[in-house]
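We call the chains A, B, C, D, E, F, G and H, going by the order they appear; numbering starts again at 1 in every chain.
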Amino acid sequence: MRELLEAVAEGEVTVSEAESMLSGYATTEAGRFDAARETRRGVPEAILCDGKTPDEVATLATIAVETAGRALITRASDEQIQAVRARLAEEHPDANVRVRERADVLVAHAVGFDRPELDVTVGIVSAGTSDAIPAGEAAVVAEEMGATVEELHDVGVASLVRVLDEVDALRAADVLVVAAGREGALPTVVAGLVDTPVIGLPVSNGYGHAGQGSAALSGMLQSCTVLSTVNIDAGFVAGAQAGLIARAVDAARE
Amino acid sequence: MRELLEAVAEGEVTVSEAESMLSGYATTEAGRFDAARETRRGVPEAILCDGKTPDEVATLATIAVETAGRALITRASDEQIQAVRARLAEEHPDANVRVRERADVLVAHAVGFDRPELDVTVGIVSAGTSDAIPAGEAAVVAEEMGATVEELHDVGVASLVRVLDEVDALRAADVLVVAAGREGALPTVVAGLVDTPVIGLPVSNGYGHAGQGSAALSGMLQSCTVLSTVNIDAGFVAGAQAGLIARAVDAARE
Amino acid sequence: MRELLEAVAEGEVTVSEAESMLSGYATTEAGRFDAARETRRGVPEAILCDGKTPDEVATLATIAVETAGRALITRASDEQIQAVRARLAEEHPDANVRVRERADVLVAHAVGFDRPELDVTVGIVSAGTSDAIPAGEAAVVAEEMGATVEELHDVGVASLVRVLDEVDALRAADVLVVAAGREGALPTVVAGLVDTPVIGLPVSNGYGHAGQGSAALSGMLQSCTVLSTVNIDAGFVAGAQAGLIARAVDAARE
Amino acid sequence: MRELLEAVAEGEVTVSEAESMLSGYATTEAGRFDAARETRRGVPEAILCDGKTPDEVATLATIAVETAGRALITRASDEQIQAVRARLAEEHPDANVRVRERADVLVAHAVGFDRPELDVTVGIVSAGTSDAIPAGEAAVVAEEMGATVEELHDVGVASLVRVLDEVDALRAADVLVVAAGREGALPTVVAGLVDTPVIGLPVSNGYGHAGQGSAALSGMLQSCTVLSTVNIDAGFVAGAQAGLIARAVDAARE
Amino acid sequence: MRELLEAVAEGEVTVSEAESMLSGYATTEAGRFDAARETRRGVPEAILCDGKTPDEVATLATIAVETAGRALITRASDEQIQAVRARLAEEHPDANVRVRERADVLVAHAVGFDRPELDVTVGIVSAGTSDAIPAGEAAVVAEEMGATVEELHDVGVASLVRVLDEVDALRAADVLVVAAGREGALPTVVAGLVDTPVIGLPVSNGYGHAGQGSAALSGMLQSCTVLSTVNIDAGFVAGAQAGLIARAVDAARE
Amino acid sequence: MRELLEAVAEGEVTVSEAESMLSGYATTEAGRFDAARETRRGVPEAILCDGKTPDEVATLATIAVETAGRALITRASDEQIQAVRARLAEEHPDANVRVRERADVLVAHAVGFDRPELDVTVGIVSAGTSDAIPAGEAAVVAEEMGATVEELHDVGVASLVRVLDEVDALRAADVLVVAAGREGALPTVVAGLVDTPVIGLPVSNGYGHAGQGSAALSGMLQSCTVLSTVNIDAGFVAGAQAGLIARAVDAARE
Amino acid sequence: MRELLEAVAEGEVTVSEAESMLSGYATTEAGRFDAARETRRGVPEAILCDGKTPDEVATLATIAVETAGRALITRASDEQIQAVRARLAEEHPDANVRVRERADVLVAHAVGFDRPELDVTVGIVSAGTSDAIPAGEAAVVAEEMGATVEELHDVGVASLVRVLDEVDALRAADVLVVAAGREGALPTVVAGLVDTPVIGLPVSNGYGHAGQGSAALSGMLQSCTVLSTVNIDAGFVAGAQAGLIARAVDAARE
Amino acid sequence: MRELLEAVAEGEVTVSEAESMLSGYATTEAGRFDAARETRRGVPEAILCDGKTPDEVATLATIAVETAGRALITRASDEQIQAVRARLAEEHPDANVRVRERADVLVAHAVGFDRPELDVTVGIVSAGTSDAIPAGEAAVVAEEMGATVEELHDVGVASLVRVLDEVDALRAADVLVVAAGREGALPTVVAGLVDTPVIGLPVSNGYGHAGQGSAALSGMLQSCTVLSTVNIDAGFVAGAQAGLIARAVDAARE
């Protein structure tokens, strides 16, 4: 760091450059956090709806559209989605609003917003409807980061044939997010069939001992194959990690 | 119960019959607990070596051979096995002694002991050497209860082909004990391929979060297929439960 | 597997046969998962109502009746039961619908559906009303798999006489499911009185430390007798495992 | 308290009386803690050997004999017991030293020490050798508090007959300490047969999930009968609580 | 047991006597469980309201009044209490009904019901209003078992003076139930001041780590004094155990 | 799958191709598992020394060198390392053997073994010596998979300057493994500074509540940035996941 | 203590003085607990609203205003706040009532109440809105104890620049309370930048494994810097501990 | 930060000043971490012996004496202490070496080292010998930070008189560290008697449920008084936090 400061003192580096090197982004009068995160990490800032009023969510969505050109809203109730739609209809009637309902996710793009495009495929694999929310979150964020997303649902470990039937599709993806609840064995089985990075996404279903995703998380951490994992229901994180890998792959393609 | 006691009072039922109906076995002067358990449950009484001196184990083994005709010793160290061998060589030189070393199990039969014979196959499935102790315990107890035991080792979920290669053998068994450590997914995968009862046997390997068999137990209890489970490393219990099922099947065959 | 593939290549095995050997069932245009599971495992596919709308449950019930000839619905609220009844009354007015209310279970049979018949008795034992839901689930699934079900309720370990009074009935069953909450000692006590397989079914009652079935599960896994266990409240799994044992016994009878 | 202080100020209560009323014991120049505890609570002060050198234990034992007339030493290794024996042989050759070896307990009485005598029976019930240490601790402390101790070992819940055979003995005791490891069901079964207070004493055996006494403690806290409980292996506490009840009963007898 | 059965066979013992010796109570045509429990254990059967409809509670209360002469209802909501009052007013208008509202307990006595009277004092100690429900349960059951109950509330460990001010009252009781939530230190402090049995009753308040009574239970089990403990919020059990001790003391008084 | 089998039947696909498509590798007479895993996943098979004798480790190492051309041995004690060195010196004197001592890792290459080369940099970041074993495992496996490994040690979150001083190095890597024990905050801080994938590697140090890596794992799963995680001390898994990402990036470069 | 009692007996110390020395406060007819706590500890007594009716809270608030001159009400719902406002408006219309809404805290001062003034700054640091309730509680109690409170919000560890931008403000405080949820790394990072006492305040947000503040608490207890910690969401305790430190510093200033 | 960088660019702030403002300390060629930590935080860097060889500890001690003028070594075995003594005797024969044996702590001062002096008293309170290690660590670090340390041992909550006898001493300290194992009630009782900051220090003794300090930590976090806490056995942290408070108080005194 001393060297950097000496370079600033000597005028070899501008203040903005120094700030950018130290922090990962330059702040300006008009600068906003949401935009900065995306610049810095390549990950769109999400608005997590838990514990917020519909009105608060709508306000945050508007700010996001205005400053970052995009709002990505997760774990949204029907009421919260309605509030965002209404507010945007009023203030940004031209914005493109898309809702993935079973996943409780809403994405809004300002007019002229340019989503990145990556020449990389992210596979999102799940066993069925009970995994829909986190798997859907993962799909949306990977898509918003520019990846081509291929989704494979109804792939359960209790019936191996369904897994084997999808081997080609599994191998076609550059990186996979595999969601699973209950005993969480699917990411282990899938990782044994491919030679690409697999990210396990434990899902909070199952009751009794080790229910609510706890057995699934434990099983993924103890997997006898090579996997990395995110927290229970952390679909956003899994999709964003897949997106970061996709960005690295895409950058190498160029 | 009142009816039974009235029957005793009226001489319709003898004292021994009443006792037997109430307790499952009749005690006599020569009666011993070890023999009684086998009579009552069909499960040989095992001598668990944990926390016993070699001398204590040798004494218990001798008593078991004398009263039940058989000693079944589990979790035995080399030193404990030597003590039993030495003691039996001295006091019961004709007894048949068999050690399954990787499983830390010793079985001794008195001369003339007649092991039951069941026309039933119990399959014991495991992923490899780290499952050897509980899987071996399960195999020995099922065998001692009279079942034909088929063992399938090196069947790991990370490499599905090895599982699929054994489908015929898995389906040939009347009941299966499937041992697994780490994430414990093997019983779930196997149960999806057969139409016979599967007993999950979690094994205490794996380190870190949910290590020492905890993830495996959790995964088996959360399995999306139909399984019943025993405690971590409880190979004796898994094998004995398989043996009880085998007895029920065999009885129906006759 | 190589051998199988070679046999296919040489025409010794048809494609359908190969598929069936690899996967446990053959898929056809009309094939359905629900039917397949029953074919493969002998266990009827259940529709678990948790987290589904009454409308979704009614749709799934209709599909099950149409494809598998039978719908088995568990953990159903009154509202969900009404929705199924109404839908079936409309679309399959001749279907036979039976509700076991305290167990929150509904079973519907299409006209002409032939339930299997096994010459085997499954005993379902519980301590009382708080065990009614999982014990009832277990009873219904064992019955649907074809077993004769004998239920023994109000058998509590705090009053041994009630247990002893039922010894004859306990011994008459070929396999037992024993439900218990709180300290979960009943399966241990029962297993000490019979020589048939006992499946422990922990029930989620009890408050404070180790409440909600946790002490019961722990006690069954630590039992000093021979037991296998299922997860807390997993009545369906316990009954289905008993049903699989019953099928094995029945097959041997023939 | 104000009243007490006013009484002291007015000379109605002496300083010693006030101190005794506030604290439960009067300190004098020669006063010692060990003696005070017994005076105050009626419970002999025990010397817990965990983490102490043989030399430290021997020194504490000597002080206890000198000040309280008695030393009660728990969880003593062979080496620690030898050190105490040697030290007492040297410094207090007339002291009466008694060792209960399987319980790792040593008691020494100074010449002329008068153990209290209560006209009350404390029953100590256990399943067998693995419960020997805490059950033995409980027996010794209850005895040292003056109770008549009746011990009933080899009473296991897996074989109800053994419990029923002891019903008379169980009912003859004024208060019972019931030790149990594994699933810990014995105190519940016993408490269903008697109308006297039962104290559950969980024992640290059992492996795997909820092992080391955890399932036993959970089961006793969740018991469907009336029990109070102490911590795992806390034989001293269980015996001392039984002793306090015995003292209350004995006092009423007079 | 054999001896008993032989005595029955020889007519030396009647059937009823034998049954009573085996089970603790004699069943007759008119016999009921509720009455039996009280006969056998001296503990009134309680009706725990959790998970029951107001109508079910009212029915059980009526049966209890009719068979045992008394109903003891715990954890009752206002609605459940109203239902019981209404039903009893209709069917047993002369019954004496008493509600302890902050404790959610209702007791009803049939006309002519004779509560036992013991010449023993049970002290119930608590820190304040958050302990009211379990402390109240304990007080009511001890009272119903015949003890004189002295209640000491607002005795918190954070202000030692309040504890010391009550030393005389604490020492006047023959046995103490001490309720405490949060860190649960009060039973330890009280037990250091008296020489009578103390039963710790952990209460489910407190939030965050080890909240909901968990720290209180842990602290009581780890107490450096002599205590026995019941589960979190198990006021009924604590009071009944105190009642059993009171019965033992009272019996000795006679 | 049906299509594949039909293609086999029609001769469009050879048996070997079909097998390879189904399983990920072709088995031959000389085929070995170790080699297959690397082919299939690109991850070298590691020999984990826990619970193996020095002799067993040496035998496995020899087999690995012979079949896969390379042995990768983790968690090796000094004695185990000596045994491997001695055995290889005897049987494969030309093999290249390298030991990373603080990491307890040994790698042996057969003569002529060609390690893959990837044009990708994996950064391995740690706070210091207590993280040496898992961080070293991660470094070795990434290197063996062909990545250029840059290691940054002594980067602790308690002194932000040390982190900031390394920003350039952190940003230069294509993917980062960040090891941390205690509170595990370093991966979160690092991930806030880069736009590449970060894999958190919790390390088992720290004592008391949430010690032995538990707080670190929890913190990484709860991270407010985008991270994926592996189990505590799972350096091999973290490094191999980084290696899989590196392979994907490298493939895109070509 | 003996000395004190002797002094009372000899008239050297008055009864009130003795009482005050023993207990920390003197009780009079008009004495109240709330007032006493503040006198004794310097910490205002708070009324925690959890589980109280609006009416009960209003009554307690009125008593507090009347006896201590101040009411401090925490975790208040809107309804509870309205009830207090209404009651005070009626009974103490001149009282000064202040509500900190996002923190669910209400403070009322009686006319003429004199809040202490300390020449000390307490810094309250948080990451944002999800920490508002406990951080706000801490701020209010520190303020009520007389400290100058400086609040720094939106300081998150995922973006180091925001932390570094506040270094001057962080260093200006005499003592800091740092609130954090999720992985809880902020107190560690802040403590690495200042040389004053830091109190960590874990906040109950975050879902999945170690959610609801558990990871944050674990991380603060495992911190590699010097911190002390309070329970999850215990904003009142954190603020009061900061206030006690502020009092000690202020006292030294004089 | 931007302002700071602009000031550097404009020459208003020197590079060293800027660095110091950003990081808390200036690095020079001769700079060392140990020295820096003390400068920055006022807390001496400790060398924790866990998992280090005697030789490694001796080397680190020498470096500490040379760069910081002082070595503070914690959790040292006899062997490690001997190694440090021997090394320092050889390389720094004039250094002043002090060992606190029951606390496993060693402190060495270089010739001419000037320990800070604060006009503040830190009280260290414990119940007895089992708390000696963490209490001793706390005492030594507070002393090394310059505080006057008063130690009060044998103060146990089971005997309130011993606590009350020390009230004057407790109140004389400016800040208190209170160590306690088992149920951990002592800090709560002490905090109720003083008006100064109390830091709870849980100690890892106690066996069974919530043993090894877990109940003590839980109790301190749940305390009904105002306390802050450190991790189990974290004597160094508790003493250092007390030292930071002492520094703040001392600074105000000047």
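Criterion: contacts are C-beta pairs under 8 Å (C-beta built on N, C-alpha and C of every residue); 3 or more make two chains touch, one makes a residue touch a chain.
All of these numbers come straight from a predicted model, not from anything done at the bench.
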Common touching chains of subunit F and subunit A: B, C, G, H
Chain whose average C-alpha position is farthest from subunit B's own: G
Most remote chain, CA-based centroid, reference being subunit E: F
Contact-pair overlap exceeding half with A-F, pair selected from B-D, D-E or A-G: D-E
Between the pairs B-E and F-G, the one where more C-beta pairs touch: F-G
Subunit A-subunit E separation of Cα centroids, rounded to whole Å: 55
Interchain centroid distance [CA atoms averaged], subunit A/subunit B, Å: 49
Separation of subunit G from subunit H, taking each centre as the mean of its C-alpha atoms, in whole Å: 25
Per-residue overlap in subunit E, given as positions that touch at least 2 other chains: 1, 22-24, 27, 159-161, 164, 191-193, 208-209, 211, 214, 217, 221-222, 225, 231, 234
Chains grouped in pairs wherever the two touch, ordered by label: A-B, A-C, A-F, A-G, A-H, B-C, B-D, B-E, B-F, C-D, C-E, C-F, D-E, D-G, D-H, E-G, E-H, F-G, F-H, G-H
In the complex, subunit D residues that touch subunit E: 1, 21-22, 24, 40-43, 120, 161, 164-165, 167-168, 174-175, 191-197, 199, 217, 221-222, 225-231, 234, 237-238, 240-241, 244-245, 247-253
Subunit E - residues contacting subunit B, complex: 1-2, 5-6, 8-9, 11, 14-15, 18-19, 22-23, 27
Contact footprint of subunit C on subunit E as seen in their complex: 22-25, 27, 33, 36-37, 50-51, 202, 204, 213-214, 217, 231-234
Subunit F partner contacts - residues on subunit B that touch it in the complex: 130, 159-161, 164, 205, 207-209, 211
Subunit A-touching residues of subunit B, taken from the complex the two chains share: 127, 156-160, 163-164, 182-185, 188-189, 191-193, 206, 208-211, 214-225
